[in-house]
Amino acid sequence: MDADRIEAALEAAVARAREDRGGEIATYIPELAHADPEALSAAVVLPDARVITAGSSAAHRFTYQSSAKLVLLAGLLEERGEDEVFRVVGTEPSGGGFASLARLETHGPIPANPLINPGAIALASLLAGNLEDRLGWIERWAARLYGAELPINQRVLASERRTGDRNRSIAYFLKASGVIDGDVDEVLEVYFALCSIEGGVVEAAHLAAVLARGGARPGDGERLVSRRTASTIVALMATCGMYDESGSYLVATGLPAKSGVSGVIVAVATDRAGIAVSSPRLNKKGGSVRGHAVLAELSRALDWHFALQE
Amino acid sequence: MDADRIEAALEAAVARAREDRGGEIATYIPELAHADPEALSAAVVLPDARVITAGSSAAHRFTYQSSAKLVLLAGLLEERGEDEVFRVVGTEPSGGGFASLARLETHGPIPANPLINPGAIALASLLAGNLEDRLGWIERWAARLYGAELPINQRVLASERRTGDRNRSIAYFLKASGVIDGDVDEVLEVYFALCSIEGGVVEAAHLAAVLARGGARPGDGERLVSRRTASTIVALMATCGMYDESGSYLVATGLPAKSGVSGVIVAVATDRAGIAVSSPRLNKKGGSVRGHAVLAELSRALDWHFALQE
Amino acid sequence: MDADRIEAALEAAVARAREDRGGEIATYIPELAHADPEALSAAVVLPDARVITAGSSAAHRFTYQSSAKLVLLAGLLEERGEDEVFRVVGTEPSGGGFASLARLETHGPIPANPLINPGAIALASLLAGNLEDRLGWIERWAARLYGAELPINQRVLASERRTGDRNRSIAYFLKASGVIDGDVDEVLEVYFALCSIEGGVVEAAHLAAVLARGGARPGDGERLVSRRTASTIVALMATCGMYDESGSYLVATGLPAKSGVSGVIVAVATDRAGIAVSSPRLNKKGGSVRGHAVLAELSRALDWHFALQE
Amino acid sequence: MDADRIEAALEAAVARAREDRGGEIATYIPELAHADPEALSAAVVLPDARVITAGSSAAHRFTYQSSAKLVLLAGLLEERGEDEVFRVVGTEPSGGGFASLARLETHGPIPANPLINPGAIALASLLAGNLEDRLGWIERWAARLYGAELPINQRVLASERRTGDRNRSIAYFLKASGVIDGDVDEVLEVYFALCSIEGGVVEAAHLAAVLARGGARPGDGERLVSRRTASTIVALMATCGMYDESGSYLVATGLPAKSGVSGVIVAVATDRAGIAVSSPRLNKKGGSVRGHAVLAELSRALDWHFALQE
């Protein structure tokens, strides 16, 4: 597809979304509350590695939060395989919010899927070695998939740690139920560090572009993860990536995606592009108001719904 | 894609699935219990209308059961539009089984999506006119999408009516909650008739092929439903079509699908094919054991996962 | 205890409760909406059959609604025994509202206890004979326990029938689950008739006085139900009689009780008295605002909390 | 009542219960698994302070576990009053098990009642001062109500601490929800110490006898807690004391009670006696098999059901 047409569509979508002043910045991690509510940036990475951006893209840095769960999932699927991964997490939509404990109790202790907090915490417990080893593993897989070495935002990390009681509750529940082993504080330290990876929309869209190419790197096509791993992740994004608005979001955009509470959404248009949008105003379910709007508009303009061909 | 390669893959998948003797025939609708447990038929309809079959396809007739919910949804989206349809049903996975009442009570009375029983019953209540008019509407839309005039199996219909107390419970709940109006017995008569449409895998695969072409008829490309309607339906099949195994099924096959309790599954490979498989042995969640197996094998052999391109 | 002291306490409690203008009349059974919101009557029946009343007692007639479930339970415990009764209903608080279906689905189909709608509907299905026989059975047991022949209010009965879709939903659920047999419409007709028994506070307090005497009639002490039946019913009133405010109500009053949506509450002070209060303003959970107030005040004034002795 | 008759009834009940070899010793707190499965002791303390025992009473020591929640509740009701206590816990049966988190999430974060783990943890967070002060408070109130200074079993305490992940999960949930403040580890240390109080059935029955006298000490009648506090506690025992078998237990025995996972049950026969039974074989819901049996038998033999008078 013509890059100019994509650029025009992206700019139009961003311009229109900017007018929406709905939603609220997340405040439950205090450090996130400092974000500029008007910030809005978007990037598209094409299979040939061309990059198209709109909004305040270069300057806008943010933590990836739950969207970074994709890194953990990808690395573990590659290194441990499906059998081991899907022994501690399921593959179904949870029918509830991102941090729900009720379902763990009513449907058996295995978290419904790897893209909700309990699922990612369970996956984080699979990493081996001392804490330094495990943090190194996260950094390596993040660099591989984002196409750049990215820092951990230490202020956000400290804020997550200080206010992470809901995640502590989840982790102790999983430990009490035999789903996870090991030291809960260390498992959570890994999880909080994962959520605190900081970057921009270009690097986030790079990861989406890897998935859009079935696991191959944009540009040179070097295989970063297997086709199987890539398709498993995209299928899970389709059904579970946007928590309890996954269904309505997929109807509206047709772009499997994963959101983060900082307001980022990474989305996959198979064979066409990887996309990332970031804007911190969130709707009641934790999704970025403007991020949704940009993706729905872009999908319509370019006919990128997964169930349609041009 | 070469039709010979598809035919070979379909035959291989059917041959292998035939070896699986797991699962049980549904017995809660007594008439379904008479099905031959070994029956297995499959069909692929290509965008150019070529038909490929395997197993006992021509002879094998069965009722479409919940897979026919797609007809109701398609017709209403076309005639009434999204706003009216999504006023009485949601677009999210339910996180529960196909006939759950608990969620209606805990998450508000609107059924989670149109592909579970409460959702289809709510949609059936939108049809206007006397009972004859409404049954006529169902027949017309069925003929349009299946590409053939299909009968209602009167023995199955009588069996559904006689044993439909769970669906009666759902319908009265929806009426008590103000979601549906009108005479409950008549709404259910329409719903039971919809479930009792009888045909074979070729007609079922024709409907899937319409969705795979974005709403256009295989062969001549005549538009049967809008691209918007088609993509909305396929997105809902991806997240909700297989009840509470929608997620694991999509990971395994990458083919958005809708199952019926008779053992039929209709599945969409966008731009490639419409597929239907029918075999009455069901797993615990109501999905066809051999149907799953055929679709997973076929998707792997032909690289038809929605998140992968050849 | 001195009857004068009781009378003074009852009058004081009624006078004080009359000042409370909180709560709303139930409107979901339209006929109930015609009640005078200011109506308030109360009666105490002593073990020796003396009757003490306050408020507009003689003139104030109302339907007994769910408080009449005690009649059904008592008659069945006597005639069929505990084994048969507790095969179709449990003996635990439901942790939910009076007409909840969710619990039936999540905790197995047996209703939690006989004092919620699903429980009483299940019990109503145990009655044998044709519809006339079953309605006769209700009338006989009502006359025995209320100490008077009481009519069925036909307007309320018609209103219950016309608007009973929630109860129909429950009944069909129970039938689909194998808890009840037989014709659902007839079972509900018995249930609606039970709820439509009309009387005043004196007759309602007579039933409570029978329970307070361990099953013996006030005055002559003729045994109407066994001590076992009486104590079982009072224990169930203590834990389940006031739906999901049973606990807070028992803390406040110490008087095991059963409420009805018309605003009546019948309460048992073992060895001391049977009490009934009626006032149609209801709180959010379906309990009579002034009924609660009168019982709490009376219990405090007379030291009638079951866990205290004078 | 004649003490000889009580003694004979107690001995008969203990002898009969000893034949029941059902149930399993709790093993989730490893130290409890060392209990002698055949141990069975029982005590009745009369209002005049006479003590009647049966079984291996003097020698049999055990930790009071959840039955000690009554001490915490009593002390806080006395010192802080109902308003403060019932701001952090409710007064309703939970409809679930003793350590359920699901209800906290679905019904709002306030624990359903003070006699389940979340409720007692919330109450433990109300104690003021440093950890030593708070442990001292527990010891003082325990001594006051049990009528003896009792030790904390340090091995059991260590075992609770080491395996208390479910309770940690609950505590972090409550903290994340704003129900409790302060250091979670310290709150849990107080809670674990409370559960680890060690004594015999005589001291446990003394506490029950205080409640049976409306808060006055057996024998000299010195007021230990107010009548209001005593009646509130007994009402909560009636509706919530035996977790999700509170209803069936109250029907069977008519004796408001509180169980502990070590197999102890303390039960109140108002104006008649305080009772304690201890035997470690538990049913599926965590209640002592032989404890239930002894109490049901004793209640029947002596006509001690709360809803009956002799």
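Each chain carries a letter (A, B, C and D) given by its place in the written order, and its residues are counted from 1.
Operating definition for what follows: a contact is a pair of C-beta atoms (placed from the backbone, for glycine too) under 8 Å apart; a residue touches a chain by one contact, two chains touch by 3 or more.
No experiment lies behind these values; they were computed from the predicted model shown.
Q: With centres defined as the mean C-alpha position, give me the subunit B-subunit C separation in Å.
A: 47
Q: On a C-alpha centroid basis, what's the spacing between subunit B and subunit D, in Å?
A: 55
Q: Two or more other chains touching the same residue: where does that happen in subunit C?
A: Residues 106.
Q: What kind of graph do the touching chains make: line, ring, star, complete, other?
A: ring
Q: Chain pairs in touch?
A: According to the stated criterion, the contacting chain pairs are A-B, A-D, B-C, C-D.
Q: Given the complex with subunit A, which residues does subunit B contribute to the contact?
A: The touching residues are 90-96, 103, 112-113, 211, 214, 227, 230-232, 234-236, 238-240, 244-248, 250-251, 254, 256, 268, 270-271, 305-309.
Q: Using the touch definition up top, name the residues of subunit D that touch subunit A in the complex.
A: 100-102, 104-106, 165-166, 168-173, 175-176, 184
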